[in-house]
Amino acid sequence: MATDVRLKEELPAITDQLVETYTECSRLNHLAHEPLPNRDAVAGIVTDLFEVLYPGYGKRQNLHIGNIGYYVGSLIDALHDKLTTQIARALRHELCHERDSATESWENANDDKPHVDCEKIAQPKAVELLRRLADVRKTLELDVEAAFRGDPAARSHHEIIFCYPGLEAITVYRVAHELHGLGIPFIPRMMTELAHAKTGIDIHPGATIGPGFFIDHGTGVVIGETCHIGRGVKLYQGVTLGALSFTKDDDGALLHGNYKRHPTLEDGVIVYANATILGGQTVVGTRAVVGSNVWLTESVPPDTTVVLEKPKLRLKGAKPVNEPLTYEI
Amino acid sequence: MATDVRLKEELPAITDQLVETYTECSRLNHLAHEPLPNRDAVAGIVTDLFEVLYPGYGKRQNLHIGNIGYYVGSLIDALHDKLTTQIARALRHELCHERDSATESWENANDDKPHVDCEKIAQPKAVELLRRLADVRKTLELDVEAAFRGDPAARSHHEIIFCYPGLEAITVYRVAHELHGLGIPFIPRMMTELAHAKTGIDIHPGATIGPGFFIDHGTGVVIGETCHIGRGVKLYQGVTLGALSFTKDDDGALLHGNYKRHPTLEDGVIVYANATILGGQTVVGTRAVVGSNVWLTESVPPDTTVVLEKPKLRLKGAKPVNEPLTYEI
Amino acid sequence: MATDVRLKEELPAITDQLVETYTECSRLNHLAHEPLPNRDAVAGIVTDLFEVLYPGYGKRQNLHIGNIGYYVGSLIDALHDKLTTQIARALRHELCHERDSATESWENANDDKPHVDCEKIAQPKAVELLRRLADVRKTLELDVEAAFRGDPAARSHHEIIFCYPGLEAITVYRVAHELHGLGIPFIPRMMTELAHAKTGIDIHPGATIGPGFFIDHGTGVVIGETCHIGRGVKLYQGVTLGALSFTKDDDGALLHGNYKRHPTLEDGVIVYANATILGGQTVVGTRAVVGSNVWLTESVPPDTTVVLEKPKLRLKGAKPVNEPLTYEI
Amino acid sequence: MATDVRLKEELPAITDQLVETYTECSRLNHLAHEPLPNRDAVAGIVTDLFEVLYPGYGKRQNLHIGNIGYYVGSLIDALHDKLTTQIARALRHELCHERDSATESWENANDDKPHVDCEKIAQPKAVELLRRLADVRKTLELDVEAAFRGDPAARSHHEIIFCYPGLEAITVYRVAHELHGLGIPFIPRMMTELAHAKTGIDIHPGATIGPGFFIDHGTGVVIGETCHIGRGVKLYQGVTLGALSFTKDDDGALLHGNYKRHPTLEDGVIVYANATILGGQTVVGTRAVVGSNVWLTESVPPDTTVVLEKPKLRLKGAKPVNEPLTYEI
Amino acid sequence: MATDVRLKEELPAITDQLVETYTECSRLNHLAHEPLPNRDAVAGIVTDLFEVLYPGYGKRQNLHIGNIGYYVGSLIDALHDKLTTQIARALRHELCHERDSATESWENANDDKPHVDCEKIAQPKAVELLRRLADVRKTLELDVEAAFRGDPAARSHHEIIFCYPGLEAITVYRVAHELHGLGIPFIPRMMTELAHAKTGIDIHPGATIGPGFFIDHGTGVVIGETCHIGRGVKLYQGVTLGALSFTKDDDGALLHGNYKRHPTLEDGVIVYANATILGGQTVVGTRAVVGSNVWLTESVPPDTTVVLEKPKLRLKGAKPVNEPLTYEI
Amino acid sequence: MATDVRLKEELPAITDQLVETYTECSRLNHLAHEPLPNRDAVAGIVTDLFEVLYPGYGKRQNLHIGNIGYYVGSLIDALHDKLTTQIARALRHELCHERDSATESWENANDDKPHVDCEKIAQPKAVELLRRLADVRKTLELDVEAAFRGDPAARSHHEIIFCYPGLEAITVYRVAHELHGLGIPFIPRMMTELAHAKTGIDIHPGATIGPGFFIDHGTGVVIGETCHIGRGVKLYQGVTLGALSFTKDDDGALLHGNYKRHPTLEDGVIVYANATILGGQTVVGTRAVVGSNVWLTESVPPDTTVVLEKPKLRLKGAKPVNEPLTYEI
């Protein structure tokens, strides 16, 4: 390689310049002795959880009733340790962050911080999550059943567990929601974002969603933090359950927090592709159906179907001769 | 780590509780001596197929006319084995599943099952897929050509193969469609879902799609199982080609199967971003153009352009003074 | 495995058939002694850049002010080499491609090609990118700040860096845009497509985007090559900033190039979910707000809010008795 | 790279030439549809066995009495499958080999071979090995105890398990010996050669060795196939327990088989570094001690010490002045 | 696979049986909440140390004077953390072990153990090792120089660093010896055993060895714990520097500890292949030469050469006609 | 972790100190823009060569006559590139080294160095090695045959290829010897040292060894650079074929170079365990046999057997009562 050595000699200066920005723009870095939760570790936890929730479909093959107890017991034990470590990191980080924003005084008095044993707080939360997994499985079975009933293209339950991104996103949500309920910061959102990246389905871990939930195709679905979704609800791709506008404080700054900003969907509601339902006061009643592309900011009574007024389409005649097709064979 | 040992002692009980759900909610697990197709193995097959279909763009570099034969021959040989194994697993699983749902009697008489040598059925299907790859390449060349003609931002054919998610999704679809045509369960859908996860484009392997097909950007595109798409068709992101409603049986349950539920797009059709076309009887005629955001449930004659009636927009004046911009510099 | 040996004996013929297509459909392969840029290598570069831009959030933990200089210096040095190699490959490929399309004569006269030392051209471009990273960080800090102000669900800056796909896509865009500005082919687009695959957000590296840019949720967002986006702009999921129609040459072929085809969004504009804004002459004025689902092809004055005319929804009464819910508990 | 393309064009001819030798010198290749045992798989089995035999010292950490059952159960299950597969391969290969050498007639009548289900034979052997592991552990505890008593440098039992190559070689031998006793070809030797490569200690799996065996340092130790070693024996590095001469058949060819060719060491024998003991009739009696460098081809009575007659050393005076030291500081 | 399910059903019983031996033969397992030092982690530390001691020869290439500081700084920082963790584990383990063997009382009173913060003790030891590395390098340069002067086959210093197992073993010894001097248990021996496994050279970390030390070929060399080796010493393969006999206590048990059991070699001594020198009182004087195969248990004055009395060889005549060569061409 | 931050703050000073030694003790580092041959790359080449020389025994399974051509062709092509790169690096390094030692003047005139295209020299050497592999295989078949005839414990040719370290060392030697003959520095020795590390057998690539060579067990064997070994020779473990004394120049420094320093073994010679044969003038005649432990510095006529004069052993009577056995059961 015809490397110009003089150009390479600039690299130390470039490094120095960058390192300076770690003081200037310090919000973009985490330079401290307490590590943050680790993305790869959280991803590993999610993989382990899938092994426990859907044994036989994932990494380990040849599972049968004679060895499943060993395999799951081994995973539960490993999950205990991994979850405790990551939860403790998340708690510790939040704690430091709170202090930092609360008072300036601790900044310069690092050693005076009252020591909190975050792992001691983390462990019972980790165990509690594991304790709840049996119930999560019961709910997921209803979700799988709903997918099978709701999609004529589904050939078997196995195909749904193997191939349906909707179920993958819901599974991660159900676990993340439990962690969210246990007051654990960061990690629930990291988990749902892992699912978002893979499936294009963005469910906030704070949302409340009943059993028998089915999302078909799913790309582009957004379910906001304060949604309430009943039992047996079905969504298609591109559905947004969002906020209508944000409450601001006296200075016009957005109010951070979880006041109800997103809609409620009661039991048995169906929302077709690319519909948008907004607002914390918007309630879609039991068994109501919202048609494709509908944009809805008001409540809908039960057993009602809402579709777009047949849109007026403008049909232009045969395209002019001088506009050839983009593609011809 | 300040582990509380008593908490850890709960883990065996938690494991037992979970293992119980493997009997209760048995649909979520696959505990049997015959392994399912393996997701990582299927992903490996797709990677190998890309190496064969687009040599020089993927993992192996320094390919040239003198060594390409060795490399491809080696891959074809490996693909033969990998495909045979995975197809045999899929066939065996379907077979077991059919029996299970057909009659209860086999359940308790495991040893009496008439033995079917699934690998014997799988191998000729694997070979047939490999045999068809040369033709698949010829079709893909028309797809690449269509992408180049259809996107003014494209600088070269190489850029399309390298960077266009649309082509990636179409490539996987074209292979999966062949497998689907050979009557192989699970694996075609596993393949298209791998592509869906990466590209946000969800093409059912059962759809029929002519050559010269181009999808631009692509996130959110959904193409249903019974679509017919002609030659030289072009879609943009967010386009849904879906079902209007589902046929139900006398008990109100969805009819599973592949009766025509999704639309037909004839040769040369263009569909712009986020348009929705629904229904098995809906035919978009040759060279017709469907505008962005259009919601269409009826047929359109050839050489016609359908756009939204210029929507009435409501313009509200300058925002009130007390609502500052979210962002100011 | 009950392999049928006679079937396996067909594999060499299948290989030969495929190898023939490498001459016939030569556009799908790259068989030459000069390697193309490598996707995995480019992905590795992006990972390294995130380590430099957001130290402490990524792979390497336990970074602190005492060791960060070493770590970053080491990365910058490695990035210099990796970038130089990949940029040189991209330049060389473009060069060959240009010649190939320009004249047929060079084809047969391989040895006569005037030799260009692509690495000599590549190295200063690599160094220039590294030089600009400090400024990129300053811009990114404004982006993070905008996200925090713009999303009430955000609990801290750390959560945004950790979990927000919008920031991930913007970060990759900002680096790719610099490479694009340095005239480097392929690699900028490979980078943004990596981000597109992960986030569902498709930003062309050629677009111009001011600081304080925030994309919430993001799946399905498309930002075209010639967009101009001002300071403090905020987009939601599914927003398309696209082209209205394409200029064609006298033969009706699309004009490739980067004339202005996509809209301009001035400072402080907000565009809500699934809105579509098209056309190179369309200007959305300062602080204007475009509502959810709006389809816009004309300019909007500053400080204006554009929403859909309250759409007429058709409400159908209680569903008939013979149509049971898809799901019941 | 300044690759000379014409040189590269020779590679196919080189390949053809090599492929020809696969017919000519066919003993160096295994080209057949039945795979051989796999070295990496056998190495994986050995690793798993160490995890089971010495839990807590190897890969998996944080093992305790509450989770060890899960971990070991999981390993035993995996070992069952891995052992069955590899043993079946070894048996099948031996079977084919026997036939090949026995009669020429089967060579050309591949399909007429009476089919033997090797996995059916392999599985009970695999299970039998697992069944014996508990006893192997009891013997190994005596080996560890002997090492601790026999080496003044040993600080604790833990150090011996962690750091003593002698124990590693003995452990592998003890397992391989069981497999050898079960009539399994190839695999026992593959295992002991793995240990030989790591420790320099070469114990033939056919040797018989009592409990409480200790090898110190160990590099260069060779223990032949038909050795009998009693209880509580101790060897140092470089000790050979070998054959004196080989029995030949009437044609002067070596007799293959396992007639007693190597010595017997009775209980409590100690053999110091680099001693050589040869011959199937040579018996070193109970508690006898063989000194360093001794070369022994005859029996030694019990409770006897055999050392080299004090060797006559020739001492040459001060080296001449003109021969400087190799090294000076 | 023709798995016999009834055989598999034995596996849980086999597991239980093994788990029982974890209580019976508890010396072979480490089942506790405090992890032991980890072999792979220690191997990683050794790899990092080679990168620091011989930069440019190992994993990282393209090192030059402009980036070496970053690379080494980054490694030193990582080594600090890795060493601290592993040293702390080793110390903690030794502590527990001491207590266990000292008194029974602590066994049942786990929570009453006076807590010792082993990481607090470990960190300064880790830093001290790093501090000494510069001096270790200076000694190693003399070792390389000695190898170059001592082996006529050596072509350059680079070849020695690249290819000489002797240097590899000495390098590991020099680092392990420093750790041993700092009172760290387990880890020094784990390190030298890693080198022993690779090189066949077994140097106890407790031995004292002067600079300019050269071992040629090296397989089978053993250097005991209490050896003293001067400056500029040279050994060949198979040399043992061992103990003559062991001191025993009143009960006849070996005395564990490090009283002088192994010989002293003064400056400039050369010992040829397979010589054996034994005994704590044996002193080989300055510049003495010990010939190949010599067995030495007494001291040798300076500037003396000791060789075997020309051994009487028995020559037997031409082999009988009926004993053909083993091999003929 | 209770990290003491002040201790960590010492690390930059420690780094600086180490970096200083890179100038002081510059022989231990390679800090330059031209990379050295890479150990892992050379190991990869050796692995590939085993795949080509013994197909079916190594990594790739399911090789048969129908696909072996593809696999080998692919490997040969890859080997061409890998060998060319590594050989070029070795040549370039030697070139620089020669200059450095020859004249000081080039040191400061880096840019004036006459440029040598080392890859241009390397490529034909790489191709020549590949060309010779077919012949190497023919020789290796004779080696395998010799092992089978020479070891009564060998059950089949397959076992020898699979399990015999002697064959592994000889195979690597045969390839390395070809490279050595082509004048390639470093790499041949790197290869034989890889084999030395695994097998304990140290064969210098410069030695000349006829076909039908067999080494049994092998640990500790050393074969010097200028040995001549005839056809059908057999060695046992611990055999040294070494130099008697080194020629020194007028200053007493060792003469580097390859004048004959090591013995000659004529056809059919057998050397038993731990024998030592020294000296460039020492010739062991055809079919001679050298017994175990013999120390030989003079020539032996053909068809002669040389054994140790029956050594006088000193037998000491029953050990005193107060010396209990080290081990009792």
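We just call them A, B, C, D, E and F in the order they show up, numbering each chain from 1.
The definition used in the following text is that a contact is a pair of C-beta atoms (placed from the backbone, for glycine too) under 8 Å apart; a residue touches a chain by one contact, two chains touch by 3 or more.
Nothing here was measured: the structure is a model prediction, and the numbers come from that model.
Engineer: Give the chains in contact with both chain B and chain E, ordered by label.
Structural biologist: Chains touching both chain B and chain E: A, C, D, F.
Engineer: Enter the minimum step count from chain A to chain C; a value of 1 means the two chains touch.
Structural biologist: The fewest steps needed to get from chain A to chain C is 1.
Engineer: Report which interface contains more C-beta contacts, comparing B-F against A-B.
Structural biologist: Of B-F and A-B, more C-beta pairs in contact link A-B.
Engineer: Given that chain D and chain F are copies of one sequence and touch, is their interface built from the same residue numbers on both sides (over half shared) or different ones?
Structural biologist: Under half of the interface numbering overlaps between copies: different.
Engineer: Cα centroid separation between chain C and chain F, in whole Å?
Structural biologist: It comes to 52 Å between the two C-alpha centres.
Engineer: What is the distance, in whole Å, between the centres of chain A and chain F, each centre taken as the mean of its C-alpha atoms?
Structural biologist: From the centre of chain A to the centre of chain F is 57 Å.
Engineer: Whole-Å distance, chain B centre to chain C centre, using C-alpha means?
Structural biologist: 22
Engineer: Counting only residues that touch at least 2 other chains, which ones in chain F make the list?
Structural biologist: 3, 8, 11-12, 15, 33, 62, 64, 66-67, 69-70, 72-73, 76-77, 149-150, 200, 219-220, 238, 254, 274, 293, 308, 326 - these are the residues of chain F that touch more than one other chain.
Engineer: Once you've mapped the touching chain pairs, tell me: line, ring, star, complete or other?
Structural biologist: complete
Engineer: For a test of understanding, state which residues of chain E touch chain A in their complex under the given definition.
Structural biologist: Those in contact with chain A are residues 8-9, 11-12, 15, 64, 66-67, 70.
Engineer: What part of chain A is in contact with chain B in the complex they form?
Structural biologist: On the chain A side, the touching residues are 52-59, 61-65, 68-69, 72-73, 76-77, 80, 84-85, 117, 119-120, 123-124, 127, 130-131, 133-134, 137-138, 140-141, 144-145, 149-159, 161-165, 198-200, 217, 219-220, 236-238, 248, 252, 254, 273-274, 292-293, 308, 311-319, 325-329.
Engineer: Quick one: in the complex, what on chain D touches chain A?
Structural biologist: So the residues of chain D touching chain A come out as 62, 66-67, 69-74, 76-77, 81.
Engineer: For chain F, which residues count as touching chain A in their complex?
Structural biologist: Residue positions touching the partner: 3, 5, 33.
Engineer: Would you mind writing out the residues of chain D in touch with chain F in their complex?
Structural biologist: My answer: residues 1-4, 7-8, 10-12, 14-22, 24-25, 27-33, 35-40, 93-94, 97, 142, 146, 149-150, 185-186, 189-190, 193, 196-197, 200, 202, 204, 206, 211-212, 214, 219-220, 222, 224-225, 231-234, 238, 240, 242-243, 246-247, 253-258, 261, 267-268, 270, 274, 276, 278, 287, 289, 293-296, 300, 302-310, 322-324, 326.
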